[in-house]
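The following pair of complexes shares a single chain, subunit A, combined with subunit B in the former and subunit C in the latter.
So, the complex of A and B:
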C-alpha cells in the first residue's frame, strides 16, 4: 500500500500539484498510515528522490524544488501535531542570506526540506551581517551556519562567508560550528566554497538537507 | 575591417565576414571605467553611454548596452528604493508588491518615455545611436511578462503566487506586466535599440517543468512576441538552460536568435536550431574571475569550435561580474577574435 502512496505523492510533487499531493497524504492517513510514516516514509524519501533525479536527469527544476519544499513543510507541520511523541531534533542550523543579498527563495526551499528532516532552522532573513550569523549560532547552540548568496559580490565579498569564517576562527569556534553555502555563483564555480572559507556547498535547496545533516553529524562526532 | 553590425548581419544571414560577432556584456564595469561610484554613474545616462563607448573602443567587441540595471523596470512601476554596491549590480531593495492588494494598485505608466526613471536611459540611447548607431548593435534588456513579477514582489513571493496563490490575482498581475512589456519594448525600439534581449527564466525547463512550460510559459511568450513582433528579439533565460524548448519556441514564435546558457550544450543547441536562426554560445563568466590565461583560451576555443562550423554563430558572455580582472577580459576577447576568425 505504502508503495502506491509514495508513487502517487512523488508524481504530484513532480507535477508541482500541491492539491493532489495533500489529497494523497490525507487519503493515506484515512487508510491508517501513521503521521510518523507520512513524514519519514513518504515526505523525506520524496525529497531524496528529487535529489537523485536532479543528478540523473534534466527535468528537475526550480519549481519542483520549491513545491517539494513547500509541501514537505506543510505536511510535516500538520503531522507533527499528530505525532505520538515529539520527535528528536537532528540538529540546528542558523540560516540567512549574505550581507547585501536580498534573494530569499533558496533559503525558503532549504528550510522546507529541513523541517521534514527534523533539523531545526533558525531563519535570520536577508542581508545578514557576519557577526549576527555567529552570535546567533552561539546563542542557540547551532552546529551549522547556512549562508545563501545569489550574486558574485555577495558570495565572494568580504562581508559574507569570508567574514563568518574569520569570526569563527578568531573566537575559536571552528570545531563547534561549520559553514555551508549555496546560490548561483557556487553552481558556476564548484570550487568557490573553498575560496570563501566554507566547509561545504549545496548545489540546490533540495540537496542542502543531506549536506547539512552530514555537517551536523561531523560536529557531533 | 568589418563593423560589429556587419558581423552580426552576416552571421544572421549565414554569411561570413572577417570573424564571428563577439558580444561582451560589460554593464557595472562602466562606473569603474569612469572612476565614480555606481550611484553617481547610473544617475546620468550620458555617463553610461560614455562608458559603453569607451569600453567598446578599449576591448573591440561588437555591441554596446543601454541597460543600466535590471531593477530599472521595477522603478518604472513604482519602486523607489534601489540598493547600490561598489562591487555588484544594483538591486531592488523594496518591492512594489508587498501584499496581493498591491496588485490592484499597480499602475502601468501611460507614457513610459515621460517617466523620470526612463529619461536617463533615453538620453543614453540617443548618444549611443548618434555615436555608433548602424555600426555597432545597441542592446536593450526587456524582462518578459512571466518574469517581471519577480522584480516587483521577489522571486520567492512570485513562485508562491504562481503555484499556490489565487489564480485571479496571478492573472491580473500578468496582464499588467504584459501591458508594461509591450510599452517598454516599443519604447526601446523607437529610441533606436537594435538587439532586444527578451529575458525569461520561466522560458527554461531549469525553472519550470516542461508541462508547465507548455501550458503556462509558452502562451505568455507567444502573447508577448505576437504583440511586438520578432525583429531584433533574442531569446534568453538568464543562466538557465533552454535547449529542450528551442524547437517549440522557434516553431511557435519565429524568434530567430537564441542566447544559450553557459550550461547548455552549444553543439546540441545549434543542431536543434538547424540553420533556422542564430546560435549564441555563452561563456561561464564566473569562471573568468579565477581562470588562468590557458584555461580561458581553452574554454573560448571549445565553445567556438562547437558552434562556429556552418556559420550562424555568435560568441557571447553573460552579465560579466565586476570581479573579472581586465586582463582576463582581454584574454577572452583576443581568443574569441582569434578562434572566431574566418581568415585563419
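So, the complex of A and C:
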C-alpha cells in the first residue's frame, strides 16, 4: 500500500501540484498510515529523490526543487502535531544569508528540508551582520550557525563567514557553536568553506540535514 | 618546455608553456581570450575547448557536472578546469573572444531628433558625434554628423570585459579584489570603443579627429567600471537604490587614445541608482514612456534587465537580474541574435517537427532568445513540457531536438530552467511594479519591449508563457535598442543633465530583493503560463 502512496505523492511533487500532494497525504492518513511514516517514509525520501535527480542528471528545475521543499515543510508541520510522542528535535540552527547577500530562495529550500529532518531552524532573514548571527545563536542556545551566500564576494568577503568565525574565536565560543555554509560558490570550489573558516558545507537540503546533525553531535560530545 | 598547439580557422599556433596554470590562463596569456561566465571557477560551462591530441588530467567534478557524456567523448573540456602537464593539441570553437565589429543596421526609425534650432551648437571642425550603449554583453555605437543630424555609421561587438565573467557581479568582484584588474576592466571597455571607431575610420573613411562629442549610456556597473569610480559601492545592497557617482577623473587621455578631437566632450550619462543605469533612462526617453497618461511599461531585456512603469505621476523603475538566457548565453544550444541564429520557430504541418527561420538564412548554428521563446511555447502547448518546466516522460535525458539535419541542436532540461529563471525575474519585477503603482492589467496601454532580444519576438508566444503581460496585440511595441536611440537623442540635446534630472525627479527606484512578497512572485513566475497580473 505504502508503495502506491509514495508513487502518487512523487507524481504530484513532479507536477509541483501542492493540492494533490496534500490530498495523497490525507488519504494515506485515513488508510491508517502513521504521521511518523508520512514524514520519514514518504516526505523525506521524496526530497532525497529530487536532490539526487538534480545532482545526477541535467534536469535541475528550480520550480520543482522549491515546491518539493515547500510542500515537505507544510506536510511535516501538520504531521508533527499528530506524532504519538513529541518528536525529538535533533538540535537547533540559526540560519540566514551573509551580509551583502539578498538571495534567500536557497535558504528557504534548505529550511524546508531541515524541518522534515527534525532540525529546528531559526531564520534571521537576509543580509545578516556577523554580530547578529552570533548574538542570536547564544540567545537561542543554538549549536550551529548556517550562513548562505550565493555570490562569490559574499561567500569570500570579510563581512560573512570570516567575520562570524572571528567573533566566535574572540568570544571563546568555538567549541559551543559550529558554522556550516552553503550556496553556489561553495559548490564550485569545494575547499572554499575551509578558506573562509567554516566547519562544514552542504550542497543541498538533504546533505545539510546530515552535516548539521553531525556538527550538533560534535558540540554535544 | 611543452607547448600547446592551438588550431583555429586562421591556422595553427604553438604556445610554449610552463606547467602549473589552467588552459584558460595559458590561452589568455597567449592572446586567445576565451568566453567565460564565471571568472574561471567551473560554474558556467562556456570556456569549451576540444582536446584533439595529448594527455590531460581526468575531468574535475565541475566538468562532470557541466559536460554531457557525448561532449566528453568528443574530447570537450572546460579550459578553466584543465591544468596541462604536457603538450596538447586543441581546438577552440566557437572562435575565441576577439571583438569583431559588425556593422550595426539602423533600427526601425526611432523618435525624431530635436529640431535643428533645439540642438546643441556644433563647434567648427568637430561636427561628428558618437553615441555609445555600453552593454554588459554587447557594445553598440553610432557615428553622427551633428550639423546635418545624419547617422553615418554604426558598429556592434562583444564587450571584451566578458573575459572576467559574463555578469556584472563577477566583474565588480574582480575590480574590488585588485586595482590592476579594475584598471584592465576599464581599459578593455575603453579600447573596445576605440577599436570600433578605428574600424569605422578604416572601412568608411571618416576623420576621427572631427569627433567633438561622445555620449555613453550603460548600466551602473558598466559606467562605474569605465570611470574606475565607486564600483565597490555597487556590491553593497544599501547603495542599490541610491545615486552612484560614475564620473571619470578626466577624459583627455581617452580622447587621445581614440584619436578624436583632444577637447571632445566625453559624457558618461549618470545612472539613476545602484542598479538602474542611464541605459534605462535613455530607453524611457526614446520610447516617450512618460509622455502620455499613465499605463506604460518598458522592459529592456538583457543580462541585467531593467523595467520601468509609468503610472501617470511616478516612474517606477527596477532591475531584474535573471541571468543571460535572453542573449542566448548559458543555453547549451544558444547564441546571440546574430547571423546563423534561429530566431523564429513554428510548428511544422503536418506535425511533428519544427520549421525554423535563421537570421541571414543558411544553416542554423544555434538558437537566440526569441527562438527560445517560440520553442518553449510550442513544446508547452504540445504537452511536451509541463507548467513547472519538466519534460514529459517520452523525452530522454538529452532533451528535445530542435533541428536534426545540418547539425543536431538539442534543448535540455537545464536550458529550460535557465530560461525560466530569467523569465521569472522579469515576470516578478513587472508584477511588483504593477502592485506598487496600483495599476491593474486593464489600465496597461503600452508595453515597450526593448533590447536586441525583442526585435524578433513573437508576442503571442511570449504572452502564453508569461514573459509579457497579456495586453492587446496593438499595445505591444517592439522597440529594438532603445537605450542607443535615447543616447542619440541626448547626443543632440542642449540640456542633457536637465532632461535626465527631470526624469530622475519622477522616478522611484525599487530593490526587488527587498520588495515584500517578491520571492513568492518569483516562484510563481517560474511557471510557463500566462502572467497572473491581479492579486
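The rule is short, and it goes like this: the second predicted complex is superposed on the first by the 214 of 221 C-alpha atoms of A that agree within 3 Å, B and C clash if a C-alpha of one lies under 4 Å from a C-alpha of the other, contacts with A are read in each partner's own complex, and residues count from 1 in each chain.
Everything below uses one rule, namely that contacts are C-beta pairs under 8 Å (C-beta built on N, C-alpha and C of every residue); 3 or more make two chains touch, one makes a residue touch a chain.
Note that the coordinates shown come from a computational prediction; the quantities given were computed from them, not determined experimentally.
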Should subunit B and subunit C be called a clash or a fit once both complexes are overlaid on subunit A? clash
Quick one: is A:9 in contact with subunit B, with subunit C, with both, or with neither? Answer first, second, both or neither. neither
Applying the touch criterion given at the start, work out whether A:190 contacts subunit B, subunit C, both or neither, answering first, second, both or neither. second
Can A:66 be said to touch subunit B (first), subunit C (second), both, or neither? both
After lining up the shared chain so the two structures overlap, which partner does A:104 touch, if you call subunit B first and subunit C second: first, second, both or neither? both
Could you look at A:18 and tell me whether it touches subunit B, subunit C, both or neither (first, second, both, neither)? first
With chain A superposed, which of the segments 56-64, 164-172 or 200-208 in subunit C collides sterically with subunit B? 164-172
Indicate the residue numbers of subunit A shared between its subunit B interface and its subunit C interface, in ascending order. 14-16, 58-59, 61-64, 66-67, 100, 102-105, 108, 151-153, 184-185, 188-189
Quick one: which bits of subunit A touch subunit B in the complex? Just the residue numbers, please. 14-16, 18, 58-59, 61-64, 66-67, 70, 100, 102-105, 108, 151-154, 156-157, 184-185, 188-189, 192, 195
Residue set of subunit B touching subunit A in the complex reads 83, 85, 87-89, 91-93, 154-156, 159-160, 162-164, 204-212, 239, 241, 244, 262, 284, 286-287, 289-290, 321-323
The answer for subunit C against subunit A in the complex is residues 38-39, 41-43, 61-62, 65, 68, 169-170, 172-173, 176, 235-237, 386-391, 397, 412-414, 416-417, 420-421, 511, 513-514, 519, 522-523, 526-527
How about subunit A: which of its residues touch subunit C in the complex? 14-16, 55, 57-64, 66-67, 100, 102-105, 108, 126-127, 151-153, 184-185, 187-190
